[in-house]
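Pasting the structures here.
What follows is a pair of complexes built around chain A, which joins chain B in one and chain C in the other.
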Partner chain A sequence: MFEAIRLWALKIRVQLAAQIALVATYRAEVVLWALSGTLPIIMMGLWTKAATDAPAGITPVQMVRYFAAVLLVRQMTFVWVIWEFEQDVMQGHLSHFLLRPFSPIWHYIAGHIGERLVRLPVVLALIGLCFALYPSAAFVPSLSDLLLGFAVIAFVLLTRFVMQLASAMMCFYTDRASNIETLQFTAYMFLSGAIAPLEMFPPQVRAFAELTPYPYFVYLPARILMGEPAPVAQGFTVMTLWGLVFLGLQQIGWRRGLRHYSSYGA
Partner chain B sequence: MRLLRLIRIFWATALLAEIEYRVNFLLAALNSMASLAGALFGLSLFFRHGATLGGWSWNEALVVLGLFTALSGLSSTLLTPNLNRIVEQVKDGTLDFVLLKPVDSQFWLSLRRFSPWGIPDVLFGLGLLIYGASGASGALLNLPGALLPLIACVVILYSLWFIMATTTVWFVQIYNVTEVLRSMLDAGRFPIDAFPSGAYRFVFTFLVPVAFLTTVPARAVLGLAHGVDVVLSGAVAIALFACSRAFWRFALRFYTSASS
Partner chain C sequence: MIVAQDLSKTFRTASRKPGAAAFLRYLFHREYKEIQAVKNLSFSIPKGSICGFLGANGAGKTTTLKMLSGLIQPSSGTVRTGGFDPFERRKDFLRRITLVIGQKQQLIWDLPALDSLRVNAAVYEIDAAEAQRRIAELSELLGVSQKLDQPMRKLSLGERMKCELLAALLHRPEILFLDEPTLGLDINAQQSIRSFLREYNARYGATILLTSHYMADITALCERVLVMHEGSLVYDGSLQAIVDRATPVREVEFELSQPTTTDVLQRFGEVAEHSELKVRLLVPRSELTHTLAHIFEQLQPTDLSVKEPPIEAVMGQLLRDGKVEPIGTPIQPAADKHEAVRV
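And then the complex of A and B:
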């Protein structure tokens, strides 16, 4: 029993250390990835001006805070496993990972966690930029909001990872599975609240969006960090349900896909 | 003329290679439609509470969005496939083969590849532009007057991409310099007047000249452009293109190839 736990702890430590070292080597690349997530700053400018010109229930200060929170949330929940998996299947790297004494999926999970740590300083700098543009909106979330916010962010990261991993199983059958992900990404972009707070949506569209997992990926944690009322229980429920569906698909895809996998070394 | 003949040969071979992925074309068209629907939805949200977006009406804003969509289609057809290759070629040392060819290396690197997946975007974008322009002013009369800003915006877009791609000569590992540029260019979905005056407009006019990519040509299409804007967009295009050539030559001096 203790031996098993010790082995697991060792595996986790080695994987994490290796991935952090790997990401740190390519830190310039991580910085650039972080910088390419500046869309919330663009939307911040547009919506703050719109809220000033034609008031619609949300004040300009709230707009700034919302999009600063969106920036943090989107950066912290960025998932890219399908692109990495696609390469590994096509080039046969997966064969080596399969030889390890644990599922290759842990390799990708460790990579995603390690990358967060290197990315964080850039994200904080970008948030600093937001508040430099609008000094009157600068704020620090309360400790309880921060804790809840980061708990939700962790759950979002997990759900998005599972969903993307499920699509990644298509890599066993087609060379360009990431195209499928692009479609999902479009839905994410426009339904999550990344381009506008959900209050700005027409009521019917909002009601529809709330049945999909997307609004809870961005809007929910952003509202929590702002200290505004947020549908936390609803968010966890919807995300869990969708997460379980995709987890099922992923498990089926993995079992069948591996049998189909015929790359070099397999 | 020799260059034109070369382009024909380049694109014919590139097309043959891409045609192997036919299902992909369907997916690309589906993706274009979905993201266009999303973009229209995103734009409409600004018009729910105010009648204008920084002084632009819905139809006028559609011209801007149409131009943006067409330009991003153009990037995925010509710019992305070619310029992302520069990174690989610098990394693998195969840039040597390009430099040895009796063709201008910038020409080769910029136009060698062609990927049809962006064509749906170009078509949807132009459709949206014509729809918006005819809804806004009744008739599409200003296309001849808009010719210069339209050519200028393509040249500006190309030059920005090429300058970004050139930096890979120094930063070999960086696959995503162009992603940073792409994310900034997203501002071009909206007319520059929709941004707050000050830092935003300064950045998107002078540092990343998004204003000349969509707002100025859109104004010209709508017949609203000031003469100064048009002249300025031509000047920016010429200056940036000259920069991209000079920068490429400069960068090549630092290229330590695989074989020499």
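And then the complex of A and C:
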């Protein structure tokens, strides 16, 4: 039992090391990707100006803190597995992974974690820039908020990964499965709190949004990092339920898809 | 080691006629056609043998390899590879096989091969010291010991292919599926990979299934060939036997000591060329010894050679036609490619 766990941990560690080395080779690309995800800084500027009248009880300082946290959360939970998987299916690279005695999924997981470790310093620098622009809003989360916040961020990353991986199973049937993600991304942007805090939503829209996993992807961890009250239990419950639904779909899609896989180009 | 019984694979693809009207129809009503890539294949390959899969492009060789290795599921029929159903892809099965596809890489392009080899060693649960020993042994055999710490993208095509082979064999598989392993390589690299595969086969008793469009790969490595044509197996046997059956004649070239007529020469075989003293005859293989004796006795040639048609030409015609029975038409070989037998 312990030997099996040791070997599994070794496989993950070695894959992670290779992925970090690979991402580090293209560190400039990581910086550009991080910079391209600075929409929260733009939203911060817009809403801080609009928040001078404290709409929905949110002050300008809270707005800056919220969008600084959103910046961190979005950068740390970005998932791209569907595009990578689509390329691997279309070009036949998946074949190599399928013939190894280790699930190909770990390759993609290692890639996501490795990239995140290289990206983190860039993101922290961007947050530093936010607080340089709005020094009165600068804050350091408490240790408990930081630990809980990062636990939620890890869970969000896992849930989003599973959801996108389930969509990626369509790659076995169509060449442009990544277009499905565009639809999901629209819902994510609108309902997650990435454009505006949930307090700004009409009550009915907010009630609907809270049934979906999206508010817990951004709004929940951002509120935790800010040290504000947040629906932690509700968030974990809803994300777990949605995650299990998509995990089931992914497993069905994987089994059926492999029977359909033609190993093109390989 | 590998047993296939009535193995078939059919692919279903959407088809569309050209033109705007056909495109609009295609949006609402798709027509599909079924392409039978492999048809009722049955064969058995014993442990430790090296077999060559031959066939023109689209003959079904690669599809067959993918079914044998478990990448794709057969539409019908059964296959057992090393005692396993390949498509179940059990871990014990995957540890015993490898698939190498020429010009398709599993090693990470931007990293040195050693990084990818470390991943492979971990994935196949090879102890670090043992992995190091195997890497040293295989890299020595392949002649890439000095290349493993350079990013893959900086290596030549031949060096990359050797590193790919190293990665594919690190877990010491018993069954090797090699699809065009020497594709695009220069002569030296091809020879190097051939001798490596021979050595690997001899050292570990591995079973090797190989497809290649280079006949030199097949002649150097394979005693047995399986010839596929349009999805069907049309021949399963020794390479020499198929060449003999496909080329029932030999070319006999000589110079006459004194001029003679074509009518006289026709008594010895079909006259392919006759100019002054130079003669080229096509003689049935079964009558070669007898005919040569008569030529020496009656024509006193000054210089005589017997030539076999180049194997590439023979197989080329065979694979185009899919006929294994004697083709009938003698092949006109290019002189510089002949293997001449001096007498």
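We take it that the second predicted complex is superposed on the first by the 258 of 266 C-alpha atoms of A that agree within 3 Å, B and C clash if a C-alpha of one lies under 4 Å from a C-alpha of the other, contacts with A are read in each partner's own complex, and residues count from 1 in each chain.
The working rule: a residue touches a chain if its C-beta (ideal position, glycine included) is under 8 Å from a C-beta of that chain, and two chains touch if they have at least 3 such contacts.
Nothing here was measured: the structure is a model prediction, and the numbers come from that model.
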- Query: Overlaying the two complexes on chain A, which is it for chain B and chain C: clash or fit?
  - Reply: fit
- Is A:Ser262 contacted by the first partner chain B, the second partner chain C, both or neither? second
- Examine A:Tyr26 and indicate which partner it touches, taking first as chain B and second as chain C; both and neither are also allowed. both
- Using the superposition on chain A described above, determine whether A:Ser36 touches chain B (first), chain C (second), both, or neither. first
- Task: Answer with first, second, both or neither: which of chain B and chain C does A:Ser103 touch in the superposed model?
- Result: neither
- Query: Which partner does A:Val14 reach: the first (chain B), the second (chain C), both, or neither?
  - Reply: second
- For A:Gln234, select first, second, both or neither according to whether it touches chain B, chain C, the two together, or no partner. neither
- Query: More residues of chain A are touched by which chain, chain B or chain C?
  - Reply: B
- Item | Least C-alpha distance (whole Å) that remains between chain C and chain B when both complexes are overlaid | 6
- Query: Which chain A residues lie in the overlap of the chain B contact set and the chain C contact set?
  - Reply: 26
- Query: Touching chain A in the complex: which residues of chain B?
  - Reply: 21, 23-24, 27-28, 30-31, 34-35, 38, 41-42, 45-46, 48-50, 53-54, 171, 173-177, 179-180, 182-184, 186-187, 190, 194-196, 199-200
- Query: What part of chain C is in contact with chain A in the complex they form?
  - Reply: 11, 66, 69-73, 89, 91, 94-95, 97-99, 101, 104, 106, 108, 110-111, 115-116, 118-125
- Task: Please give the residue numbers of chain A that touch chain B in the complex, ascending.
- Result: 26, 28-29, 32-33, 35-39, 42, 45-46, 48-50, 52-56, 133, 174-176, 179-180, 182-183, 186-187, 189-190, 195-196, 200-202, 205
- Of all residues in chain A, which touch chain C in the complex? 7, 10-11, 13-15, 17-18, 21-22, 25-26, 92-93, 95-96, 98-102, 258-259, 261-263, 265-266
